[in-house]
Amino acid sequence: MSENTLSGNANNESIIALLHGPDQPGLVARVANWIWERGGNILHADQHRDGEAVVFFQRVEWIPGSGSLEEESAAFEAFAQEIGMHVKTSTPNAKPKVGLFASKYGHCFHDIVLRWRSGEYPCDIACVISNHRDLEEDARHYGIPYHYFPMTKENKASVEKEEVECLRSYGVKLGILARYMQILSADFLKGFGHPVINVHHSFLPAFAGARPYQQAYERGVKLIGATAHYVTPVLDQGPIINQAVAAVHHRHTIRDLMRKGQDLEKMVLAQAVRWHLENRILTYANKTVVFD
Amino acid sequence: MSENTLSGNANNESIIALLHGPDQPGLVARVANWIWERGGNILHADQHRDGEAVVFFQRVEWIPGSGSLEEESAAFEAFAQEIGMHVKTSTPNAKPKVGLFASKYGHCFHDIVLRWRSGEYPCDIACVISNHRDLEEDARHYGIPYHYFPMTKENKASVEKEEVECLRSYGVKLGILARYMQILSADFLKGFGHPVINVHHSFLPAFAGARPYQQAYERGVKLIGATAHYVTPVLDQGPIINQAVAAVHHRHTIRDLMRKGQDLEKMVLAQAVRWHLENRILTYANKTVVFD
Amino acid sequence: MSENTLSGNANNESIIALLHGPDQPGLVARVANWIWERGGNILHADQHRDGEAVVFFQRVEWIPGSGSLEEESAAFEAFAQEIGMHVKTSTPNAKPKVGLFASKYGHCFHDIVLRWRSGEYPCDIACVISNHRDLEEDARHYGIPYHYFPMTKENKASVEKEEVECLRSYGVKLGILARYMQILSADFLKGFGHPVINVHHSFLPAFAGARPYQQAYERGVKLIGATAHYVTPVLDQGPIINQAVAAVHHRHTIRDLMRKGQDLEKMVLAQAVRWHLENRILTYANKTVVFD
Amino acid sequence: MSENTLSGNANNESIIALLHGPDQPGLVARVANWIWERGGNILHADQHRDGEAVVFFQRVEWIPGSGSLEEESAAFEAFAQEIGMHVKTSTPNAKPKVGLFASKYGHCFHDIVLRWRSGEYPCDIACVISNHRDLEEDARHYGIPYHYFPMTKENKASVEKEEVECLRSYGVKLGILARYMQILSADFLKGFGHPVINVHHSFLPAFAGARPYQQAYERGVKLIGATAHYVTPVLDQGPIINQAVAAVHHRHTIRDLMRKGQDLEKMVLAQAVRWHLENRILTYANKTVVFD
């Protein structure tokens, strides 16, 4: 829907708001009215009501009619809080800083970087953090700073603090674990304080933990999967964002499962990252609402 | 979203409206306000704007706050026309009469009837129309009147008139071609005057016309498909509602393609019929907007 | 490959053999030679070698050159055992007796019966066994004897014995659990002594046990699944034959998951049953080798 | 199956043969015997018989028992021709030279190169041929010679000759069109004399020719596709190797179709190239037999 198509600010830049809170009468109308009355032009509006939890969710994108993006965002946030909603606003051109975590496998690393480089992602990949040197030269070719943090059981706590410092120095607002083979501790997550997206190489909740392809091979499943989820302190238990599967049969070795699985991992992670960067994801009760 | 959850009519029965028309400022707000101000409770609202055609589409479902369903539907239609929209309202409990067309193949016929019998479809299957007797006994078991209309090139025009009469006598508002092996003429479509959904056994626009599995086999494709679409006077050219495909390989004979294809035909048609009966489909410019 | 196309027995009836045993040099050549030297005509031959377990698997179908099907089957079995293989022969026209188990849900029941009735399955559905009366009238319409065995915790052991007697009286060689809501005991499986195929309404090993759709909804997965497997005494742990998934999102209620899941259940079970009836499945180490 | 596991040449290197020719009695046995009698060890054997064309196809891989790979390959080819078969042998470690064609889009180019670099493909990417300079720096990073051939209508014939010379100078045995935006002429194909794999950005035969995403958008299809095929002088009409599709709906713009389609193009082309390099593809009657 397009409201007030003749007005809009000079650059036709839009605001995206993600709202959620207790369901109540007239929410759609009140939000639409607030925007309309200030001369705003709604580009998209999508809402969801969880009938069991009686929670209202909305994603709305509009071009404000007057005032700067900052002023209108702040005014909308104040309005949304007044009507009892949690709210987060952003702008498509804000391009948040992203920190990419990788280890030895390069497939997800290259996939994310190449999508970003071709303009597919509204973000800046600020740095790569790795516990190995394997991808350092490729990162240099891409022009992305590479921070090598070798990690052992003993130094993990202190190295994680350095990593948090590193991410802060770049202003990173999103972490992406591109098959990063280290578990982030609760302290790291708390210290970093921003969302982290991981890809797990199984169809969660099946085969959580280590060596999922080995587990899948031994159980004799006919489909293997991959799962992108937000990281929480409990391993492989965070809110699921995206999942995909591929058929396998008795001729496939574990090596084949890994190869086929890598294609799934790339697709599943790439889509989850896009949704996050386009501000399409709300989390609630350890689940995600994805306004696609 | 749920508006005015404490009000609503006695039975909590809802109205669904499908709107489309020229895009203009404030449409979302105006529709939401109209409902809110009359004490209505919006259950779902979904909208789309075709950026190229500058057309606005909306599906909105609400529980009216007072007045009968008929009164509120009529009032909404008047309001929508005032703001320049084409509009069609319905109620989930209306259960439109459906006419099912079949020939010799029973797979889509049984699939549709069994879904209806298990309560999956909000409709009444009023009658079966067929140019063969093969499914007559099954229809009797299901308790659905069966009308046998043998058809030849010579009698087609007059038989189609009888069929239209038959459908009218039941008050049929939707035709479903469950692998019906006759082409409906433009005169039939005009005489009937209601939507007809067909399933074509290929991935349109590939392999339109006769013997699509033979065509697919000869071209050596690696996927076969099925397509559900609204029938128009131009064969296999109507607005596409739903499509699906399945993998095939060199070991599959034409007979295998037919068998695998029948599963696709059932799934694709069943979903298209559900969307239609739930008033989720708008057609525009020979395309469909499906609010799923 | 077609061997000796000019010979063959009077009716061109074929034998299918499923072999497995320790891998050893020259197995393919020895089997092919044995058939060729007796004037047989190989229609299909498919083999697999499990590199880790060093086990050889083969499915071979041929038209014997002379001698009756029984004589040639017996001779082949003797030969196969001589070279150290487990072997099972059958003929496509043997049409084994099948016992169909159902409870209240009819979707898998109708799907299996209608495929059989349309000639898709080389078997005879000998009887239906149910702990409810819901599908009795439909079974009568299909002309299949219906045996009602109400079951309680108390009578389970004795009722299962009656069921085994019933199946034996028909000569049933395959049990199909078409969403049968009772767990078969180890005693039943031993007493029956033939394979039983079940469909579980989740993507195993995720969500084994009771209420899988509820479990899936609560975990917030983005794909739901269904799994066909052979029944063993350990619940939901038998060899997996076939699996499929469908996408779900936040708008889907548990009821939607059930509806979408029922379509998966039908497809997954139907395919597994076909493979079994066409003698395409070997089991080994709690896995299946499916020669499709 | 594994034959003569205790023998085999020093390095356990294998030979792969692709055979096809008129079907006749005993072919499977004769091939297996020939290998067995010379002490060979069959690793895989897969065959297919086209019942309509009465043609036999086989892929067999074995470790020869004695003699060099060259001697045994030559002896097998002589034997196969004696029994009336077309035959082509190769060895997994032969690593044929590949020429990669690209224009401006980099997604397929990077995907193919990165898979090769990670060891997924048994080949050497010898050179890149392009009518643009866009990917030159990336090719340099990958260490692959880049040949820039600007092309116009006027110079096409002479430039194609230079390209053929260039490919010959590297000993290229396979061309891969990674979204190369030029049509190869019949003269080029004849001059090059080796297979060329293309990816077309639609589900062929639908939307052949130019601007397939635009065509798909206008027709309102609900699935978009990509097709990998061998190039023949007739545009988009060569034997299909691999196809895939993805769901689209009314909210997707042409730009979205292109983005989603690029993921399909990568997957479909990558798989087709792998099958070709593993000698899994036979072509016959403008179709492919893929022994996967």
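A, B, C and D are the chain letters, set down in written order, and residue numbers restart from 1 in every chain.
Operating definition for what follows: contacts are C-beta pairs under 8 Å (C-beta built on N, C-alpha and C of every residue); 3 or more make two chains touch, one makes a residue touch a chain.
None of the values given here were measured: they were computed from a predicted structure.
Shared contact partners of subunit A and subunit D, listed by label, are B, C. Ranked by separation of Cα centres from subunit C, the top chain is A. Annotation: 37 Å between the Cα-based centres of subunit C and subunit D. Centre-to-centre spacing of subunit A and subunit C amounts to 43 Å, using the average Cα coordinate of each chain. Residue positions of subunit D touching 2 or more other chains: none.
Taken as a contact graph, the chains are fully connected, with every chain touching every other chain.
Of all residues in subunit B, those touching subunit C in their complex are 106-107, 110, 114, 118, 120, 141, 259, 263, 267, 270.
Residues 48, 50-51, 57, 203-207, 219-223, 225, 239-245, 249-251, 253, 285-290, 292 of subunit A are the ones touching subunit C in the complex. Of all the residues in subunit D, the ones that touch subunit C in their complex are 1-7, 23-29, 32-33, 35-36, 41-43, 45-47, 49, 54, 56, 58.
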